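Next come two complexes, and both contain chain A; in the first it sits with chain B, in the second with chain C.
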Partner chain A sequence: MDYSILLAQAVLNGLVIGAMYMLMAVGFTLVFGIMRVVNFAHGEFYMLGAFTGFFTYVYWEIPFVVCLLIAALTIGILGMLVERTLIQPFRSDEMSGMIATLAISVIIQNGAVLLWGPQPRAMPDIVTGTLAIGPFSFPWSRLVVIAAAALIFTAFWLFMQRTRLGRAMRAVAQDTETALIQGIRVNYIYPLAFGMSVALAALAGALMGPVFSVSPFVGLTPMLKAFVVVILGGLGSVPGAVVGGLLLGMIESFTATIFGSLVSDILQLLLVILILLVRPAGLLGQREA
Partner chain B sequence: MRGFLKVALLSTACAVSSYSASAQTLKLGVLATLSGAGTAWGMAMQGAAELAAEDVNSKGGLEVGGKKYKVEIVAYDDHYKAADALTAFNRMVFDDSIKFVVGPLGSAPALALLPVSTENKVITMTMAFTPKALSAEYKYSFRPVIPSDVFSDPQIKWVVQKLGARKIGGLFPNDESGQQVGAANEAAYEAVGAKFVAKEFFERERVDFVPLLTRVLAKGIDAFELNGNAPQTAGLLVKQLRELGFKGPIIRTGGDATADILKVAGKDATENVYVHQPINTDSPAIQEYTKRFETKYKTPLNAFSPFFYANVQMAFAAMQKSGTVTDSDKVREALLGLKDFETVLGKVNWIGEAQWKSNQQLDAPFYVALLKGGAAQVVAKCTPKVCE
Partner chain C sequence: MEGSSTAAIGRDGPRLAPRRRLLPGIALVVVLAAALVLPQLTTNQFYIHLANLMLLNSIFAVSLGLIASVGQISLGHAAFVAAGAYVSALAALSFKLPPILGIVLAGLVTGLAAVLLGKVLLRLRGVYFVLVTFLAGQVFTLIVLNWESVTHGANGLLGIPAISIFGLPLSTRLRFYYFALAAFIIVVTFVWALMRSQYGRAFRSIAENVRLAESSGIDVSRYQIVAFALGSGIAGAAGAAMVHYIRFLSPDSFTFNDSIAYITMLVVGGRHTMIGGVLGALFLTPLPELLRGFVGAQHIIYGVILLCVLLFIPNGLVSIGRSFFSKGSETETPK
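Let's look at the complex of A and B:
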């Protein structure tokens, strides 16, 4: 295989997994930035999104865009309910809140195994064929993931920057008490932020379902990677999550292509340690006062 | 009054003894995985035992030594765990006094209970692929399914000669099983003149193989080997290989995974894929068995089931030949003496003397199939020596 083809393939694959890590990490860091909660159940909402995408696309046979919207809406609403009933009681106690999310993670995963069984399910491709540009050929199924992730992130960014609700969320993230004095109803912002965060995870899950497969355990790896990404990019920083996600995807793709899977895992984590030694707050994070 | 009681007791005793004389029961154990992962295999074994029992019971029972025995199936779930298998097996041997067992299923359960089955002379029909499941020491352990160390050499030789593939690549799980399969496969390919130019290992939870496959394809391989991977993973590998533009042959030397490969990768991606096939699905006997199994259990037939059905039929024939259902030594001798026994698989025999110093391995034909238009078509029939 030509060296340039190898390189192009590594870039494309890095962008695909980087896009997934980005969507996962943005939601994960959003919840931490606003609520100071590390949501250990984030990967399970990715899995629920993948299953929602699977069932709606395979059984209802509706356009995939509608499946994505259904996944984001249903899982987002579920997330809001979870926040309201199970996380809100621990709002003043970060440690208990984290343990609660851990418990939610176990409940959702085991519930999925009971409901749908442990075996992976194959989801048909939403688009087939490859895009051939000269000697390079890129599968459409992967190009769609990159485009969809870019669109989803743009919509999220515009919401956060241009809408009153987005501005309110950013205000709560910066200083909850001042936001309260300004009349922002924090009790509405928290479930909304949590719902949006898990809706992003659900979208990532539904997007990746056709590329890989769907099972109750698919959320584990993206969750672990989201952790690495937010530490790399800076805990609580949305731009950091984007940069970190794409960077980790690229590093993973290039190291696995050049050195193989086992060396790739070692190199990724070594790099994270190195970055934290040089910049303990992450690439775009800010030191807490 | 006392006289009446005596008569009543006597007549009751007579009734009981005459009932047991007319309804002799032969208990056949099933020790397999009946819940969780591996249930499909356990169902295949239990179904085989039940269908074979149904055959004889519908004729009034199995006639052995002038008596008719109604065959009763006693099934226990081993949860695919050695400890649970041993507990269930002890129950079969000591509480239920069972002498013939369909099972155990996995290698770890098989190894755990072999000393108990040998000491208590219980004939087992195992699915364990481990070479340690059969030996002259474990003389009551029989294996009706064909393990990979029997079928891989002739199949690989045929594929390499037919395809002319010289440079082979493959991805294997990074655990003991994957490492072993990888090493065995490399040796098998190199023995027939091909070279394993790209061999990569990955963690089992991985689903994105594109970077690793890109690395493998960069070595200019002629064919890709799927052996050692779970059925779903094999499907993902085929799908991602084709996405990367690889049009060469893909070979599945390992256990039956055709249904999953087709389901995951789709019809178009599975053209030019060669798979190991334990049974000939074009055979009328297999088609009839499949129909019977699927009608009764409402689930697709797992290809291992007919092997256990054949083994149970052979055990019944051995009981009839030896005239006993309790002396497992005599039944074992009669079982080993069966030659060219007609089954749904065709004519079968026992082999294994050269490899395990004992003929306890079923010898049945197996097949290489080519996937075409979303279906498997048999392209070669194999024996442990050669595929043609």
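Let's look at the complex of A and C:
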């Protein structure tokens, strides 16, 4: 009985962090697939999303759903501007593009320290109470995160599969030149994809605000985890990011329960290195030509 | 220096007029003389400390550039620096090994580790290699953090002895400066000579086009392992030298952020030439200090300057110097 409660706890924790990793990794992999840019500033947009969620929810006292929408929109638009002005000049040069995102990350993070100070702030839970099923009890605040992440991903997936714009994005990811010949305006697709990607990161940040705390430095861990997830699932593969995110969340939760969190970190990384060596393109990725 | 530069003329000399070859030679002599004399003229210990860091960072960036010259970028370079530092620090603390031998040992151990790791990791290319070296670096940091019986974990190692040469301890900043300068000159000369040898030509051809190099009979994986081992070994030895200067070492001493800093130096300086890494290190190391007046905003300004260099000087600082000397692109690999 004791074990099953521990098990249920580990599954729930795994799902919560897995959902966050999934949202981070989907955006990260989208940008890589379409633009071939490794975005080191991805975590900073997560952090900005967390702050936007925090300020709108705590100071304006508006419903959390509206806070999420505001975070996604403002950070998404910011992302589009950043792409247009600072990342587009490096389109032909992956390495300089990568360094540029590093510079952007430094600017955003230190800008946040300057504006809001370095100390972490606790954000109140958006819902309270627990759901009791038999001997198990699950806090609603965690279940909401999982449900919201699932909903957000479904919306994203439908957009990518069913709309003209989503199809155009997938076409650009597959083959930019052929997409251009088909009349797709790549110059509009790039900022849009980048904006969507960082909006997903912002949503993840706003959702996780109540779970962890909010500070200018919260973006680093999710970014590193997104890195790992994307390697696990395959660079550029959206289904890979979903599977990889949930898998990593579960592995992390279980190994942390059994061995402690530090050993868990090492095990995760070794596992990913192993996968990378056996299948360089990741679990669900396709080998590059 | 003069002798070896005439030897190199055989390759790309005939196109250059003699006067153009003379100018960089004179510049080199002037810079070297300045590097020898200037530290004697200041009593400000901080400037000398900064100069020491600039020299060490130059070595780190150049060694990373050596790996980059076979078309691979390592995002775990700081892990090799840290590994070298731990090898030498632990050898000095536990076995009383003289630091100068510790530095050699550190270079050998990290170089050997790079050979073994390289055999496995270098099967991956491009962005996959970048990612796997990133992961390997993270694993290293976590192991150092957890292996407390040896590394003392997050508490770090204290009381690491200074280097001493023939009984003369390099315990002052000025004395270490001349040691670092000598190390810097040795490393730069070595890499410069290497890039002009048969190895350098093979490296460049691999960076330009792996498949073409492979089909021309160049053993790509062997050359990549050689470059990776040499670059990592130099980084390990320099890391050891640094730890006997700073005399404190913890898992936070060399992290992911340092790996990024080395790449940044290389790209800002100009990543296709050896001198690029040096220029990047000389420019970026003192930059945060110069911006110290802008309390709070210094990192932001650092980021902005980095972006501006990338946007407006895409080939790195070295391209400015090149147009000054109008020397043509001797080691540049077109991309």
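Everything that follows uses one rule, which is that the second predicted complex is superposed on the first by the 288 of 289 C-alpha atoms of A that agree within 3 Å, B and C clash if a C-alpha of one lies under 4 Å from a C-alpha of the other, contacts with A are read in each partner's own complex, and residues count from 1 in each chain.
Convention: a residue touches a chain if its C-beta (ideal position, glycine included) is under 8 Å from a C-beta of that chain, and two chains touch if they have at least 3 such contacts.
Please read these numbers as outputs of a predicted model, since none were measured by experiment.
When both complexes are overlaid on chain A, the residue A:Gln174 reaches neither chain B nor chain C. Once the two complexes are overlaid on the shared chain, A:Ser4 sits clear of chain B and of chain C alike.
Applying the stated contact rule after C-alpha superposition, one finds that A:Gln182 touches neither chain B nor chain C. Judged by the touch definition given at the top, the superposed model places A:Leu114 against chain C, while chain B stays out of reach.
Once the two complexes are laid over each other on the shared chain, residue contacts for A:Phe227 go to chain C alone; chain B is not touched. In the superposed model, A:Leu262 makes contact with both chain B and chain C. In the superposition on chain A, contact of A:Phe212 is made with chain B only, not with chain C.
Counting contacts as defined above, chain A residues 262, 265 meet chain B in one complex and chain C in the other.
Chain contact summary for the complex, chain A toward chain B: residues 1, 6, 9-10, 13, 16-17, 118-120, 122, 124-125, 128, 130, 137, 139, 141-142, 211-213, 217-218, 220-221, 252-254, 256-258, 260-262, 264-265.
The residues of chain B lying in touch with chain A in their complex are 36-37, 174, 200-203, 205-208, 210-212, 214-215, 217-218, 220, 232, 235-236, 243-245, 260, 263-264, 266, 268.
If you check the complex, the residues on chain A that touch chain C are 38, 40, 86, 89-90, 93-96, 99-100, 102-107, 109-111, 113-114, 224, 227-228, 231, 235, 262-263, 265-266, 269-270, 272-273, 276-277, 280.
Taken together, the chain C residues at the contact with chain A in this complex read 73, 120-121, 123-124, 127-128, 130-132, 134-136, 138-139, 142-143, 145-146, 260, 263-264, 267-268, 271, 296-297, 299-300, 302-304, 306-307, 310-311, 314, 335.
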